[in-house]
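Across the two complexes that follow, chain A remains constant while its partner is chain B and subsequently chain C.
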Partner chain A sequence: MASAPSKLYADDVSLVVVLLDTNPFFWSSSSLSFLQFLSHVLSFLNSILTLNQLNQVVVIATGYNSCDYIFDSSLDLKRSLENGRMPVMCSSLLQKLEEFSFKDEQLSKEEPEGRIKCSLLSGSLSMALCYIQRVFRSGALHPHPRVPIDSCYMGAQNSAFLQQASYITGGVHHKPQNLDGLFQYLMTIFAADLHSRSFLHLPKPVGVDFRASCFCHKNTIDMGYICSVCLSIFCKHHKKCSTCGSVFGQAQSEAASASDKKRKTPET
Partner chain B sequence: MPQVKIIAKNFMDMVASLPAIKLDILYHNQFICEAILRSMPPLAKKYVLQMLYIDVPMTFKSLQEWVLADGSSKHQVAIDRLIQLRVLEVIDRKKETTYKLKPTFQTNLRKHLIYGGILSREPMPSNVVARLPTLEELDAYAHEQWECFLLQLISSGQAERSSSFSSSMMRIFQRGLLRQRDKEAPRLTESGFQFLLMDTNAQLWYIIREYISNSEEQGVDQADLIAFLLELSFHTTGEAYNLNTLADDQEAMIKDLADLGLVKLQQGRRERWFIPTKLATNLSVSLTDSSSRKQGFVVVETNFRMYAYSSSKLHCEILRLFSRVEYQLPNLIVGAITKESLYNAFENGITAEQIITFLQQNAHPRVAEKLPSVPENVTDQIRLWETDLNRVEMTPAHFYDEFSSRDIFESASDFARVHGGLLWEDAKKMQMAVKAEIHMLMREHLRGNK
Partner chain C sequence: MASRHVTKRAKYKTTIKDPGTPGTLRLTLEKILFVPHNPKSAGKLDVEFRFIKGQKHTKEGSNKPPWLNLTNNQNGSFIFEFENYSDLQYCRDFVGKVLAKSGEVSEKPTVTYPDEQLSAAEMELRIKLLQEDSELQKLHKQFVLSDVLTEAEFWATRKKLLDTEANKKTKQRLGFKSAMISDIRPSTDGRTNKVTFNLTPEIILQIFAEKPAVHRAFLSYVPNKMSEKVFWTKYFRAEYLHSTKNSIAAAAEAAEDEELAVFLKLDDILASEARWKIRRVDPTLDMEADEGDDYTHLPDHGIFRDGSKDMTESQNELYRRTLSQDINRHAAVVLEGRAVDVDLDDTRAVAEALAWSKQESSTKRESDGDTNQERLARVSRMTEIEDLQGPNNLPSAPLCIKDPRDYFDSQQANALRTSGDALGRTEQIKCSLSTQEVYGSLRQSISVIKAMGLKDPIVKPEVAHQVFDALTNSISTTKYHIGKNPHESVLDRLPKKTKDELLHHWTSILELLKHFWASYPITTSYLYTKVNRLKDAISNIYPQLEEIKGSVPSELRHQVSLLVHPMLQALDAAIQHYEADMQKRSTGSVDKPNGYV
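Showing the complex of A and B:
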């Protein structure tokens, strides 16, 4: 469905955390096979590592039931800094990916049926942001790093969530038209380091859909109910908030008619 | 103050100046393509990657569309650099010029990105190699070698041991950095002072550049040396590589590199090997990189006192350039930044900016986290003391007097003003001072008027 890289800034040096969506339900019906997609992405990752000796790439797989780190270029394999060499990188990444998919599938068997077939993007995003925070805390250079979220979206519909995320964080959202040339899209749009972005002509957001989505069905809604404790959004009335567990009172219409009897001056 | 600056230009300038045929041979090596890619300005790197799979030549206009109006100067710098390195080929057509990536470079970079590069040299297996130094030991060794070399460079008496560089080689390195008058000890020139205050990577590039320029005279091919150095930067720090994998001229070079601290030579029972240090593997990184910075050691206080936690003679020499060293303890150098010491430095051609940059870059970790790492009152005062010496600005000028009539005076002063050369005039006395540059023009103008 999508792969969202997040980036950090220090001159030309970048830390790119790539969130790869490995949802099997999507990939089984996609025009671009997962293998072909991977080959584009691997070359993209290698290009980022080639651009600057200090660049770092981390890959997190976003699965159907779980998320996990499958590659970190800073982890030394042989006490060397140059382990981002392609053959080594490929084999370790692919191996971890295979293990991850297997584990993810196993978890599916324990899950009850009827769940919406979406990937755990929020989980992997949280993992990515925590990782970035940790790196910065040990680096002591920028206390508040700027982390734009770029999203590369593949698939039929549009993702309002990704569009909003990219717009708000100052990243780039793009849906490649021609998936055969995915590598070229990745190189042209997503490989730019943060500093150069202010000079480059990148796709601008056209008509971002800012509507909220309800928490129960993930539909975009204009009017809905909001929990006053945690601000979760629902499209229809619930007895209890599914996020924070606070019990809601009666619905607005019933409550007004009940208090009418108590007040001296009825309110409309 | 004379602004003499030795710009330790990036190694790549040297590469760019190689003849086209040799450069083409260099581009057959994937690692050299990668090293050259890394040395380019960020926009240029982007352009190369964007054009990697485009086989048709692109017009100048379509390239310009990639960048916003703000970035047009950076765009031009990037394009110029690409053309200079002969990565971008210019095809002049009748209507407009088009650009294309150099085919060798393009093919090899493509291969590198898709398949990755494998060094022709493999590290030796650990059972053959005896106890390898740890990374920390290797760093210390590299640091020590380099310092020793620098000390010998600036004052041969001070170094603890002399390197194996021939004295003629040392003289070539010292050319431009030291000046020797008869019967006097060699003194550092302005460039020499600036050289000392540069950071290690920049100094390394300077020395290597001199070394390579000199190698041509010794009969060794420049391109080969450059290729070897660039390849060396892709080796793994701390791994042992057998010496018998080197060609003859490379083997000769290795010994010199060991003296500079780039590699460590070791031998076992039967084999001899070299181990690249961090200095070598950082060669392909650009000059503005921060990872090559060693740990800082200087603390500057707001009362202008300076404490340097170092026992290195080189550091002491450098600090003596611009401060008054008061005490030297086994691990601490105590000094003060005074007006006299700074005036001394300025007279030797060091600028305030260089001193401040040196202090900031070598700030002790305890103070480096704070902003500013060097107190503002100290940096401001250093700059003020520098401008003190620049209170009087001199411009060569000519003084005009005794104009026959007011009209001529006024037309002359207007003429001078139009040409931007009028420095001073006194309308009552009809006198004026005009820049020397337009003196000739003024004379003709005045002659014409009569």
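Showing the complex of A and C:
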């Protein structure tokens, strides 16, 4: 799973921040191997850099316990990593990725078992947005960058969250059918810069799943319970809101039964 | 109610304190007729329903007797006391129906419900909101006037709208006009010698505020010494004399008529106020004001002139008034703001209220002991205009709830599932390997790539070709359906009428479903009837949607049915839930938790 927010400097220059999902539990059971995935993605990143010499690519790894920057094309690349088989950027990225994976595993040892095996997407998304804000502060060309979030989803089902995020921010969401040709998907759909998107036709999904997800199990639901203070959504009735801590009052039906009980006692 | 008229015994009261004239009240569809039992008493009443604006009544549970209060257009009220509450209820329903019938023409929601006591102001607010927002009005017409939803239910979810409107009204206090309306120009009739002055309550208020001597005179003379009309006639006589700038004539008339003299003299209250104010100015701090500003004392405002010309006029000095004085006084009054807030029609009440507020401010002044302290306080005081300040609330981010119509065309058709299906589960990653193993395999992939480099070719040409074809295909089909412009939506291609109908149906379905789902679990019989009403309304929508599908040309029919699909699914889910619930109740097989009815 990779998302790429990008911004316009001028014309067709883009800053692409890629959030790479490196959740090892997912990749060990995926139909596409991590090896193949990496080669597609690395080629894609390289191609972006060749499209325009002002383009910039930043990669953030989304792990199981932590997130970190593993590549920034605007920094000087170490010459010592050059080995002729691949561009220097790839080798530096892979080096950083390996180090990141070690650190992530170390953090796993402190975690209790039995946690849902999901990636820390919200964390890496926040990091990406902060990075973009910082770049804009120093660049001072656009006061508020427009950050479309593109999402490329690889998995069996559908992610309502990514669909909604892409729809709302004006990005493009796609779920590749043929994972062997992932590179082609990435190049056709996600490499287009924002300026060109105004006249390019990118594939639109059939529809967006606007359903909300419950906060307790992360399931998408049609009907649920909502805290009137903070608007958190739950699929089952809870006594207390887990987000804001407000205590929920008695349900209407419960109050009726309580008063029934009161009436009974004087008669008996 | 099939009856065309209602006859009940009642007592008619003109005010609440009035004991009431016993008699017979007869209500027909056009008028209200009250005939007292005693033919000699004066309480006969014959009013047409056209003039009745609204009704209020006392509540059954309270200790008050059963009263019905009908208000008419001129804010008068007719109070009827009934023998018991059921009579009251009967008449009330009748009046409500009549008003509602006339109200349908003018869109007035005048039918009151058992738990709703609306003031006229609230009803006006609702009418105003309905008039401003045509979408809201359509929904209101569709549901409330056809009895699917009650008035209370409709507005229960729109409290925020009602609150903001009410706040808007009372936010700012209106001040005085900056135009000097107290300086009234009379209209003259060319033929006769008559001069006509026009006086409105607003002008009266301004006159009292600007001319304290006139105010004092009013309080003391009216109604003891003279009537209001005579008072104003004298006042305008004085004004006329001033406008002719004939101070000799003014002096002559003042000598004759003592009351007129009051109006012609310089306002001594103002003069003393000005002197007092000047005394309070600290010459060490305020460089601008000094003794030379006390213009009321010095002749000719301290400007040296050749006094010989003015000798004859000095006796009549008292009767002269200058425009600059008037303007300054008016400006001071406008800036002070409106001190009274009473009904302007009653002049006496206005005068008294103004006097009371002045007294308040003067006692406040006298109580200040230390003038120095006062000066410092005055200097450091910040002038706040309260009604222009923002609300003092805690910082909060406003809630941004988007209009569901904006998202209508992007919905996924199979997104809404029926309640019987399992909820969408997140993809649970089934992994039998341990943490160590998975991390290990990840790192192994990385090292393999490092060693071998990137694949060559990165992607096989046939695969790339396939992917490219598939993508182009899907893009061209959407282009065919939606249009060349990538930002256009399918809705824009439909004829406007269809598009509006679809969006309206979408909003009304959302409204219905909101009330429908909120009524579950059904715990009272009220909710039960409500759910049945809503279910009937829901069933009526199906044929309407079919009709829309049929009304579009055939090439757009597929698009429209795709758009209509999520609406149908939502309705189906509701109906299914309703039927499942009905079944549970009838079989009684499910144990009833939480006091189910």
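Basically, the second predicted complex is superposed on the first by the 234 of 268 C-alpha atoms of A that agree within 3 Å, B and C clash if a C-alpha of one lies under 4 Å from a C-alpha of the other, contacts with A are read in each partner's own complex, and residues count from 1 in each chain.
Definition applied: a residue touches a chain if its C-beta (ideal position, glycine included) is under 8 Å from a C-beta of that chain, and two chains touch if they have at least 3 such contacts.
All values reported here derive from a predicted model rather than from experimental measurement.
Chemist: Sticking to the clash and touch definitions up top, decide whether chain B and chain C on chain A clash or fit.
Modeler: Result for chain B and chain C: fit.
Chemist: When both complexes are superposed, which of chain B and chain C contacts more residues belonging to chain A?
Modeler: The partner with more contacted residues on chain A is C.
Chemist: For A:53, using the defined touch cut-off, is the partner it touches chain B, chain C, both, or neither? Pick first, second, both or neither.
Modeler: A:53 contacts chain B only, not chain C.
Chemist: Once chain A of both complexes is superposed, is A:184 in touch with chain B (first), chain C (second), both, or neither?
Modeler: Once the two structures are laid over each other on A, A:184 reaches both partners.
Chemist: After the fit on chain A, how big is the angle at chain A between chain B and chain C, using C-alpha centres and going to the nearest 10 degrees?
Modeler: An angle of 90 degrees, rounded.
Chemist: Taking the superposition on A as described, I'd like to know which of chain B and chain C A:12 touches: first, second, both or neither.
Modeler: The answer is first: A:12 touches chain B but not chain C.
Chemist: Once the shared chain is lined up, is A:201 touching chain B (first), chain C (second), both, or neither of them?
Modeler: Both partners, chain B and chain C.
Chemist: Now for A:32: first (chain B), second (chain C), both, or neither, which partner does it touch?
Modeler: neither
Chemist: In the superposed arrangement, which partner chain does A:212 touch: chain B (first), chain C (second), both, or neither?
Modeler: neither
Chemist: Looking at the overlay, what does A:192 touch: chain B (first), chain C (second), both, or neither?
Modeler: In the superposition, A:192 contacts chain B only.
Chemist: With the two structures laid over each other on chain A, which partner does A:43 touch: chain B (first), chain C (second), both, or neither?
Modeler: A:43: touches chain B and chain C.
Chemist: So in the superposed three-chain picture, is A:22 touching just chain B, just chain C, both, or none of them (first/second/both/neither)?
Modeler: second
Chemist: With the two complexes overlaid on chain A, what is the closest approach of chain B to chain C, counting only CA atoms, in Å?
Modeler: Least C-alpha distance after superposition: 5 Å.
Chemist: State which residues of chain A lie in both footprints, the one left by chain B and the one left by chain C.
Modeler: Touching chain B in the first complex and chain C in the second, residues 43, 85-86, 90, 183-184, 188, 198-201 of chain A appear in both lists.
Chemist: Okay, in this complex, where on chain B does chain A touch?
Modeler: Within the complex, chain B contacts chain A at residues 34, 37-38, 42-43, 45-46, 49-50, 52-53, 65-68, 70-71, 74-75, 112-118, 135, 234-239, 281-282, 284-285, 288-291, 369.
Chemist: Inside the complex, what are the residues of chain C that reach chain A?
Modeler: Per the touch definition, chain C meets chain A at residues 407, 410-413, 415-417, 419, 423-431, 433, 435-439, 441-443, 445-450, 452-455, 458-460, 463-464, 466-468, 470-471, 474-475, 478-479, 486, 517, 521, 523-524, 573, 593-596.
Chemist: Help me check something: in the complex, which residues belonging to chain A touch chain C?
Modeler: 22-29, 33-36, 38-40, 42-43, 85-86, 90-91, 94-95, 97-98, 101-102, 104-105, 108, 116-118, 155-157, 160, 167, 176-178, 180-185, 188-189, 198-211, 213, 217-223, 235, 251-254, 256-257, 260
Chemist: Given the complex with chain B, which residues does chain A contribute to the contact?
Modeler: Chain A residues touching chain B: 10-12, 43, 46-47, 50-54, 78-82, 85-90, 140, 183-184, 187-188, 191-193, 195-196, 198-201.
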